[in-house]
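Note that chain A is present in both complexes that follow, paired respectively with chain B and with chain C.
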Partner chain A sequence: MEYIVGVDIGNSTTEVAIGKVDKEKENIDFISDGIYKTTGLKGTIDNIEGILNSLNSALNKVDLGYDDLALIRLNEATPVIGDLAMETITETVITESTMIGHDPWTPGGIGLGVGVTTLINDIDDCKAGEDVILIIPGSVDFADAANIINQAKERGVNVNGAVAQKDDAVLIVNRLDETIPVIDEVKYIDRIPLAKKAAVEVARPGGTIDKLSNPYGIATIFELDSEDTKHIFPVARSLIGNRSAVVIRTPEGDIEERKIPAGEIVIIGDRGKSEIGIDSGADEIMDSLEKIHPIEDVQGQPGTNVGGMLDRVKATMSKVTDQPLQDIRIKDILAVNTFVPKEVKGGLAEEYAMENAVGLAAMVKTSQLPMRKIADKLEEETNVKVEIAGVEANMAILGALTTPGTDKPFVILDMGGGSTDAAMVTTKDTIYTTHLAGAGDMTSLLINTELGLGDIKLAELIKKNPLAKVESVFHIRHEDGSVNFFDEPLAPKLFGRVIILSDNDKIPIPTDHSLDKIRQVRRDAKNDVFVRNSIRALKRIIPTGNIRDIDFVVMVGGSAIDFEIPTMISNRLSEYGVVAGRGNIRGVMGPRNAVATGLVLSYLETEGSVIDE
Partner chain B sequence: MQLNEDAIRQIVVDVVSGMTKEGGNSASTSTSTAGSGNMTMKELGLAEEGKSSDEVVIGLPPAFGKELSKTMTEQDHADVLREVMAGIEEEGIKARVVKNYVTADVGFMGHKAAQLSGSGIGIGLQSKGTILIHQKDLNPLSNLELFPQAPLIDLETFRQIGKNAARYAKGENPDPVPTRNDQMARPKYQAIAAVLYNKEVQYLDQNKKIVDVEVTFGK
Partner chain C sequence: MSNQSQKPSVNIGVQKEYEKNSLFRNLCYGLEEEGIPFQYFISEDSDIHKLANDAANESRLNVGISIGDQNNIIIQHKKLDIDQPFIEKRIDEDFQAKIMGSNAARLVKGIPIKDIPLEDEYSRNSIPDQKRANTNKTTNTAKNTAKNKTTEKTKAIESNEASNQAKEEKINAEEVEKITQLVIEALKNN
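Let's look at the complex of A and B:
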């Protein structure tokens, strides 16, 4: 009887399993396990600290020491690392005519007003009967502004609307004898052209404007011909959904959505090569990738961001493995369309537009990682014999097969932080594997940029946990609509906020986004990365290319612990009649510890052959 | 402010003179209408719990805009209160002002205002300029947003505080108002803050409880 240890060094965690092996009876009892975050980049000597921490915690649980161990089995880690980049591919530029993205929180009044832009200090020069849109700089107090408007109206000047610099719209309108639409918070009010025809529209609360968001509405107001109406169409389109808007008619006024040249990538495959611009969007990139698959290498245009990113991944891998840079190849990329809030160029009110962007994950593969160095160092530290045992995919399959209710042929989806790996085992024990770019880290990046958080840790928390809205000091409403009451008052910093429900903690999200919006972004990001990657992986490793030809898919790895990713994938795969679910290693470990378990189990077995795609 | 011996002596003189004045003051009946700058405050009857959920109640101490008329950074009480009320109004919420004769503590004043408020959101504002946003179900010594460094709050911030209180009342989740932090604010203003608070509490009158106040601005 002897104690055997399996150690699995993953991209983000190092896992350990300890088994008691009875050779005669060919029986293995698992007595303990450990987990610790991977220290340093996977496959480097820095990993030792993480291994020892993980091993010690496993040994402590059962009161054993290094002396009691007979053998440590280390996995031959797949030499795969990933990296991420984000490229904005559009920009919105406006010249004078409008405040397109500007949707102040509290515009004042209601209706549509048309007139000539006039500074409030020059109102005395206006004659009775003139139609005026007043421009009110921040130096004018709201009560004074209201007085001036009231007096001008008494004189017969038609003040039909106003634009204010400070957040004063409701205050001004509340002090008027007659309601007019007022738009506020226009920061660069001095840039509004004067003595030009302008229209101001404010919709009722909860409503959206309908005149200025309609090209023919604008044409009616400004008496445009068909040629000019074509020209004004982007303005109308960009105002759709706003509660308020200003359009000013200037001869050269325009708005355009430009494409930013973001560089090209060159995908080189067995069957030829394809050059594609990042600015053509994620769908086209993925299409050409599938056409050329299998891929030899991906290169980025030198001097562009995407070129720099791809070079960086290769350089890191070259350093880790001591292989020349030109031998390092990018084997997969995942491109995802997303949106990034960016300030509009030429805007008068610091308005933002959601610009298109492409998120890119890349996966690099080399011939091997220097595992022997780690093994030697570990042997030195523990005085236990260490052997490098078997390919990661085999071990993962052995481990995953301990999930109750599974049988060959089946597929495991290993969803980690940096890459999504898949392996398939047939009834004849032939194993196929594939490694795809894009996993948990990519999801966090998408959430971070699309919500404009600027805080990747917060994005990680949003990714991993459900949301709730604090509706009073004593109750919260969960994202599914159910309510939870508390006897003790909640912390004041949570009041009114959308919060993250992590284990025992409630973390407020310091943004204006509604719960629904955050939830939608979170689910879209997971869908774009994990659901798409699972389909991509299955199509690649199933020899027939037909997902219907397999029965079981077992999800393992850190991202399989997620509260919704497994169900999202299950739902999608059920369309193909596949039984898919989160693994439960040895019936107790959940989706964790598959490889470590496999390493211990394989001690008694001979390994099958592996066919890497 | 340099805290030398002279300054301390001056403060002590201030406090003592304030105390003696108290004796004289209690004899005279307080007028129902008083003003500071362009502001007139008319005390109405006993404040009751609000029924409408579209109000935010601002709780003031007795001397606000009356015996005292400026914060410790010499901001006119009229301007301060006007900005807070404007912030609330801009969000489409009504501002109701009460005077609290029971306590001048900013936390308890704000909490009491929140309890009187139909929305459950209240503001406590001391004469020296310290302000907080409170919610009725919270512990009095807790709060939604506290601005302890009164000397660093400008009129724009007072407007923002009013806005945020109104947005809490609407059930929204506003970003807390950003505040500046100055290590020197405390040593610099501690003495004057103590003096002002000391003056403030002299005008408390437990019999008058909490009264509604009608505020009108000259502008």
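Let's look at the complex of A and C:
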């Protein structure tokens, strides 16, 4: 009887399985397992710390020490790493402050007011009959502002609307003899050009503005000709859906959406070469990729962000493997269209515009990782014989086959953090593998940028957990509509917020996005990365290229634990009549531990047990 | 039990010495800006936890506020424990009291509450420099035409800090009453 250990170093986690082999070397009992985050980049000597931690936790569970072990089997890790980049390809610029397009919580008054922008302190210079839009800086008290407006109106000055810096609009309007539309919380009020014609519109609560969001509405107010109307159209469009807005007419005033030159990538394949601009969008990039596949290499235009990112991936890989830079090749990229909220340049109230962007994941493959070095070091640390055993994909298949209900021919989809790997085994035990760029990290990046979180940890939490909305101090509503009540009151900082339900924690998301919006972004990101990659992977590895020719797909790896990714893929693949689901290694481990399990199982085969041909 | 004959409103319990305090007034402004009606009562009660609790129990919106006891403001919900109110905070600045008012309104509305910053971001910047020269002139003209009460207040354009003290004495409970009336009317119209 002896104890055998399988160690799988993945991009994000290091997993261990311990098996007990009986005397006849016929049966293996799995007695323990361990998991720890991978320390350092996969395939480097830094991994030792993670391996030892993972191994120790597995040994502790069954009260064993290094002395009891007969052999440690390390996977021949696929030399694959991924990296990510995000390129914004449009930007919105407001020149000469033509508009204020933000949505304060509580604008005041109702209706449309047109007049000339005038600072409140200069109101006495206005004559009776003049049409005025009043600009009220934060240093002016709302009661004073209301008084000044009332007095001006008594004198016959037509104060038709106002723009305030503080959150005072309702307070001002409540003190007026006659209601006018007032917009507040305009942060950079001192940048509003004075003595220019302007229009202020506030809709009723629950409504949206209709004059200033209509190009002909603006044309009517400012008496524009057809040429100018064409010019003002982007302003109208950007105000659609707002409850309040200000449009200021200046001769040079304009709003434009510019395309930013984002660089080009060159895809080199067996069947030719394609140059494509990042700004042409993800779909075109992926189309030309599929046309040229299999890929020899991908290069980025030097001096651009995309060029820098691709060079960085290659440089890292070159350092890890001690291979010359020119030998490192990018074997796959995944491009995804997304939106990035960016503060509008020249905006007065910190307006945001959703800019188009392309997210890019790249995957590099080299000939070999220096696994021997890790094995030697591990042997030194533990005094146990360490051998490098088997190709990762074969081990994963061996492990995944322990999932009850599976049989050959089948496909495993290994969805990790850095890459999506797939392997297919036919009835004749021929194995095909492929490695695709884009996995869990890419999903987090998409969620992070599209929601404008600026916090990748929070994005990961959103990715991994369902959402809920705190509706009262005692209850929350889950994203499926069901309600949960609590005995203890919820913290005020959670009140009214969309929260992440992580284990027993409730983490508030500090944005104004609705629950539906966050959920949609989360699901779209998963769909764009995992569902698309699963289809791409299957088309590549199935010899016939026809997904209908396989029966079983087993999902393993860290991202297969996700609460919705496996069902999203299952749904998509059911269109092809494929049975797809989350793996359950050895019937107990869920989608984890496939490779480590395979490493232990394969011991019998290498030790000369009978293999029927 | 809430008095069903009352209008739905946030109920504020005010300790006697805070009746004419600017913090109380700004608390009301916060509620008004959010468009939530409110009413208040003066109390001799020194226990502001109990005061907030009583206020909440009387409110048909289930939200009560108490102010007093060394500038403490408590926002309380009828269904919360007397010793564990929704928010309890010592407030030193008027603008902070206004945010507390907004937060009480937001408790009614069911939207996220605002953080309470230590400094008012608008007290410093705002009027562009080239316009500052004109400010005095405007103030003077305004003074001449303004009614008695507003004269004091127009000074605020010159200096924010000075105005706080000046107004403290000027505006009394009547004004609060007036505001309440305005809000209720506005709601009716809607």
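Brief remarks follow.
Note that in this section the second predicted complex is superposed on the first by the 593 of 613 C-alpha atoms of A that agree within 3 Å, B and C clash if a C-alpha of one lies under 4 Å from a C-alpha of the other, contacts with A are read in each partner's own complex, and residues count from 1 in each chain.
In this text, a residue touches a chain if its C-beta (ideal position, glycine included) is under 8 Å from a C-beta of that chain, and two chains touch if they have at least 3 such contacts.
Quantities reported herein were computed from a predicted structural model and do not represent experimental measurements.
In the three-chain model built by superposing on chain A, chain B clashes with chain C. In the superposed model, A:I123 lies in contact with chain C only, and not with chain B. When the two complexes are overlaid on their common chain A, residue A:D141 makes contact with chain B and with chain C alike.
Of the two partner chains placed by the overlay, chain B and chain C both lie in contact with A:F495.
Contacts of A:Q165 after superposition: chain C is touched, whereas chain B is not reached. Set against each other, chain B and chain C touch different numbers of residues in chain A, with C touching more.
By the document's definition of touching, of the two partners only chain C reaches A:I189; chain B does not. Working note: chain B versus chain C after chain A overlay, options 1-9, 19-27 or 163-171, clashing stretch identified as 163-171. The interface of chain A with chain B overlaps its interface with chain C at residues 106, 141-144, 167-171, 174, 205, 471-474, 489, 492, 495-497. The part of chain C that touches chain A in the complex is made up of residues 29, 32-35, 77, 79-81, 84, 86-87, 102, 106-107, 109-113, 121-123, 125-128, 131, 134-135, 137-138, 141-142, 145-146, 150, 153-154, 156-157, 160, 163, 179, 182-183, 186, 190. Remark: chain B residues 86, 89-92, 120, 135, 137-139, 142-144, 159, 163, 167-168, 171-176, 217, 219 touch chain A in the complex.
Note for the complex: chain A touches chain C at residues 105-106, 119, 121-124, 137-144, 147-148, 151, 165-171, 174-175, 189-190, 205, 471-474, 489, 492-493, 495-497, 508.
Taken together, the chain A residues at the contact with chain B in this complex read 106, 141-144, 167-171, 174, 205, 471-474, 489, 492, 495-498, 510-512.
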